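For reference, the structure is listed below as structure tokens.
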Amino acid sequence: MIQTQDIKRPAANLVAGLKALGAATTSSTLSKLGIGNSHICGPVARVPGKAIAGPALTLQFMPKREDLYGADEYADPEKQLHRHVLYHAQAGDDVVVDARGDMKSGIFGEMMLTYFKGRGGLGVVIDGCIRDFANARDLGLGIWVNGVTPNYHVQTDVMPFGVNVPIACGGVLVMPGDIIVADDDGAVAVPVAMATRVIEHANKHHDWEDFSRERLSEGGDLRRYYPLSDAARPEYEEWKARRRS
Amino acid sequence: MIQTQDIKRPAANLVAGLKALGAATTSSTLSKLGIGNSHICGPVARVPGKAIAGPALTLQFMPKREDLYGADEYADPEKQLHRHVLYHAQAGDDVVVDARGDMKSGIFGEMMLTYFKGRGGLGVVIDGCIRDFANARDLGLGIWVNGVTPNYHVQTDVMPFGVNVPIACGGVLVMPGDIIVADDDGAVAVPVAMATRVIEHANKHHDWEDFSRERLSEGGDLRRYYPLSDAARPEYEEWKARRRS
Amino acid sequence: MIQTQDIKRPAANLVAGLKALGAATTSSTLSKLGIGNSHICGPVARVPGKAIAGPALTLQFMPKREDLYGADEYADPEKQLHRHVLYHAQAGDDVVVDARGDMKSGIFGEMMLTYFKGRGGLGVVIDGCIRDFANARDLGLGIWVNGVTPNYHVQTDVMPFGVNVPIACGGVLVMPGDIIVADDDGAVAVPVAMATRVIEHANKHHDWEDFSRERLSEGGDLRRYYPLSDAARPEYEEWKARRRS
Amino acid sequence: MIQTQDIKRPAANLVAGLKALGAATTSSTLSKLGIGNSHICGPVARVPGKAIAGPALTLQFMPKREDLYGADEYADPEKQLHRHVLYHAQAGDDVVVDARGDMKSGIFGEMMLTYFKGRGGLGVVIDGCIRDFANARDLGLGIWVNGVTPNYHVQTDVMPFGVNVPIACGGVLVMPGDIIVADDDGAVAVPVAMATRVIEHANKHHDWEDFSRERLSEGGDLRRYYPLSDAARPEYEEWKARRRS
Amino acid sequence: MIQTQDIKRPAANLVAGLKALGAATTSSTLSKLGIGNSHICGPVARVPGKAIAGPALTLQFMPKREDLYGADEYADPEKQLHRHVLYHAQAGDDVVVDARGDMKSGIFGEMMLTYFKGRGGLGVVIDGCIRDFANARDLGLGIWVNGVTPNYHVQTDVMPFGVNVPIACGGVLVMPGDIIVADDDGAVAVPVAMATRVIEHANKHHDWEDFSRERLSEGGDLRRYYPLSDAARPEYEEWKARRRS
Amino acid sequence: MIQTQDIKRPAANLVAGLKALGAATTSSTLSKLGIGNSHICGPVARVPGKAIAGPALTLQFMPKREDLYGADEYADPEKQLHRHVLYHAQAGDDVVVDARGDMKSGIFGEMMLTYFKGRGGLGVVIDGCIRDFANARDLGLGIWVNGVTPNYHVQTDVMPFGVNVPIACGGVLVMPGDIIVADDDGAVAVPVAMATRVIEHANKHHDWEDFSRERLSEGGDLRRYYPLSDAARPEYEEWKARRRS
């Protein structure tokens, strides 16, 4: 009988703090803290406007090898390893899959994703495809994938091989339990041990961004408003005071 | 004068039966019946929600060779081979094009597609591009393409070469008259001789899927409901009975 | 202090004339006038329905070389070259960027694009990515990019290197001041010196297209209506007369 | 029983004339005569120094489709289509294969190539791979392939589909009977109807090339010797006279 | 201190039996026994004529993540994981590396390969590059790599992550201890449990191949000699008898 | 008349110092000094064993645009820009070309390369192809290219655009006058201002490498000999003393 490990989940305030930052600020802040690239490049937002943060359950696919993957898997669904990652799903979790960029294997279909949603799952990030997209997109999950396909998960060249193990996804190493931050810009993996620093570092900046955005949209000078120049700071303080009142 | 062959069209019940299955079930059923991959990989649904099934008219492009393709084609439109595949169009037909993955050749533009729609055509599946997309997307056709381009069909590196001949499209061999099933998951080619078996095999399953989907969306156990376990069958029978009444 | 050159802007009637043609007609007309391919292949319309024409400000990225790009750029924003191309922005301008197809560098974010819009900018064409897409897509700009990313512009492998210099973008040479015509089919670069000829050549045709489109959509014969045959011309003249009255 | 067509072979003097030119001069001359690109791009010379010219037998592979390709092919070798192209082999022939760029299918192995050599075959040009390369390279054939593999021809994703039909190989349309000119620069396809013109056009030039090469290798001025300037012509005439004596 | 596991080595007769077959026969035999593709596609023979068989030590690279890989690795070489796989090397071993296809990371240099050779290592198969190739190629090792580079192993985007764990290399799953068979056709991975069957199955055939090769090279009929026809069997028996005497 | 700038050439001792290091040591030393990647990735050594160092003349190609490149270039060879980079050639120079990775354009042929050799040129590094390879490889030049082709330089999609301007080649920014170090591992670009530091930093190490190599090749312990451990230093000193005597 297959036994797979669960993950350790991060504190709720870390998840909430990163969600508030969004993928772009998280990625650039990680970069300034020494993580050159945290963008899972390849998977693209397929449910526009969806933004999530949560710990990563991970699933690893490998090239199919027939001596290690048998037709009897369909006689006994419990042997299907990609089900097991979902058995660990808790409210707030994400699933991140190394599908090897395969465009002819639909890692999950509507039923699996419905189950994941039913368990409180937030989203999936897959370096590959899902199937049943017409229905899957309306489940309320965030979906970041390279594409979609009518094929099922082991129909062509890959097979599931590991659950909650370190994986590579879109050129990024993802450890089980890393916090995934994903929105229309794509998905970013945050090492749990760096989450506090990311939040603190990011929040130091940006308090004047709403003001600057307004001025820039009215034709204001980039040099004056972005980043906020010393010359414009009094104007900003006044704007802020007015807004508070 | 150019003469091209028409295709043999399949029985209407086969087309209807496959349309009811959709691309995902058709592809996985074909796989279980021995056709490893029937997914035309590359062309992506550009008119979301559109789902079609119908016989394939086929059009083959080849690398352009100037001794075989002359500038006089535009003096005499009847020499333009890509028009001829549309002359065969009947209500319910699809056009499948091997455009060699070329991203700089728009195989059809708005006028050609308008004509195809006017003849009752359902959709186009192209391992390449169309042009005039702003207008084409509103015609009511299904459109599965790799991309779009402002260029016309012979502007750069390819030229039409064969009509209603066997073609490769997106890594799948498509025979003229094959039944194309396409929706948001992509397009699948079904050999006519296998259509009956696909429909029969697929329909054996799936009667409990609506029930299971409902349970899974409420947080039900994947092991119990997908596939439907023996333990859950009475619950399903009861649910079915209640729905009928 | 960084000094960069401005561009010479084309006459307004040229811009208006090309905008009326759209990308598809512009590209095919240029082809007939000797410019084989003018389609900037790669950048895809991300704001559907948006159609623009305007002169190109250009920005060139190069592979990052640490001896030529220092961490102090963030201490002094004026050293950030990608800001300088925007300093030249006037109402009606486009920005075209050779981002080397890099999928892990977001050339502009929301604040920069807000400034560009505030200055009257129309759109950006980038052989690469932007970031902050969730907000950027609602600014009212046209956006043609290969993709989106949460990363900032110099986070990984490239750096800005030239402003308003000749660049390659999507396989097309773009000179500063070239007129960009872009819509849902993609973006096309028009040499200013050819703009008049393109407009004149294109407008000779197409006056019967509305008539033909109507007939084709009703199931009319392609041979009769596209291109308009001599046989159908009286029918067209009658249609035209009826429409005028 | 499988019947495939033979090709029409060109006159021996055309083959000899093109062989004398070599691939580079043939390709550039074809370009000047209107054939933009005749270079079969992808297949690379694997037997350095080998140079050939001869008519093309063609073999077309298609994506494998299990309903059209059965395991019984190995029970009855006569059903193996890739054998049939070799049955047509005569002294001086080449075989050109559209193997779809597949890197996991060895189109021919040592035994098939030995047979081809035994029949007088000159070389193979394959947009894909051969196997048994350690032995094949010593047969005395010219071999232009994308790579080598231990796999056999139908082991993975493709199957032979047509013999002596028009094919695309390395981005070039090759007609059965076209003359292939191949050497260390790669392979070029020459339409038979253009062979005479190519030879005549190419031979007009180049009589001074040996002289110029000698001068350039001694540090002579490119402007004076390549192409031969009027100023250097007397020097060349003298050189030529001296060589004759 | 880093501890990594050794592998279980196969019986010597299995290794010898597979070496005698070579990569092509091993791959096709595995295919007939159910393993569709065992060709490690990408790594190419860089030392022509070298043919080896032996158990696989495996090394896994992952995308670099700066929080998990520190600059201090060079202060303490024992932290460099790619050294540890070589510590396990015994006479007759191969090293197989998943280098993620990275073309800018030289997994091993001359010194490491010299050590491996000194320990009796046979060859390396890397889905990536080595460095110091000018010296490495003369060590007497077999070298199958995608390419070469002057860069060292962690200079750009990847880092070593696992030793003697299951890896993907060139689209094939390789388990630690699998038997690698590699020659000029490339490298093949043989599951140890199948080695006996592969050897037995392969040796049933092929006893007539030398005879057939001779006949084919003299222009003999492919239908008669390959595979050996019943009609030619007496001729073969006679040939064999003659050779024995 | 076309006028192009010459380059500033580095001191001879810098060139000699870098040549002694070779590409691998140069690249890794640059990395330690802050230049992450200096490997021009793509161009591969085609003349095995050739090792060079010298200043870079640069040549930039751009996508062909017919309004900027006319057929009359062949009427007047002086308009061919790729000749002009060679006019600057002095003994010890290299030519580095951004050919945009184009595989169907032969940047230089035998005659041009003969001239370059006649002028004392050392080698060419091209992110693309040359032609006439059968003759070019015997000229005595180092040749690093992506491939070879029979096509000439402007036959298909690109045209020369700039001489001795900054270029990107194989993912590396190359400034005119940078010192190129190239051997069987590939080509590396060294900023002139860093050359002294590279040489000094590299020469601090490596004096014990010959000793260690010898020990490792005899089966010595990697931990003891590479890098040289304190424990092995006396052994090394003794070895060195013995060699001197």
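In order of appearance the chains are A, B, C, D, E and F, and numbering begins at 1 in each one.
The rule is short, and it goes like this: contacts are C-beta pairs under 8 Å (C-beta built on N, C-alpha and C of every residue); 3 or more make two chains touch, one makes a residue touch a chain.
The model shown is predicted, which means the values in this text are computed figures rather than measured ones.
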**Item:** Contacts common to chain A and chain D (chain labels)
**Value:** B, E
**Message:** Show me the overlap between the contact partners of chain C and those of chain D.
**Reply:** B, F
**Asked** If you list every residue number at the chain D and chain E contact, are more than half found on both copies (same) or fewer than half (different)?
**Response** different
**Asked** Using each chain's Cα centroid, which is most distant from the centroid of chain F?
**Response** B
**Request:** Compute the distance, rounded to whole Å, between the mean C-alpha positions of chain B and chain F.
**Result:** 50
**Prompt:** Cα centroid separation between chain B and chain D, in whole Å?
**Reply:** 37
**Prompt:** So what's the Cα centroid distance for chain B and chain E, whole Å?
**Reply:** 42
**Message:** Residues of chain E that contact two or more other chains, please.
**Reply:** 36, 171
**Request:** Determine which chains touch and list them pairwise.
**Result:** A-B, A-C, A-E, B-C, B-D, C-F, D-E, D-F, E-F
**Request:** Within their complex, state which residues of chain D touch chain B.
**Result:** 34-36, 62-68, 100, 157, 161, 166, 168, 171-173, 191, 193-194
**Prompt:** Across the complex, what residues on chain A touch chain B?
**Reply:** 77-78, 83, 86-87, 103-104, 106, 109-112, 114-115, 117-120, 131-134, 137, 139, 147-152, 155-156
**Request:** Sort out for me which residues of chain F touch chain E in the complex.
**Result:** 22-24, 26-28, 31, 36-37, 39, 41, 44, 49, 51, 171, 183-186, 188, 209, 212-213, 216-220, 222-223, 225-227
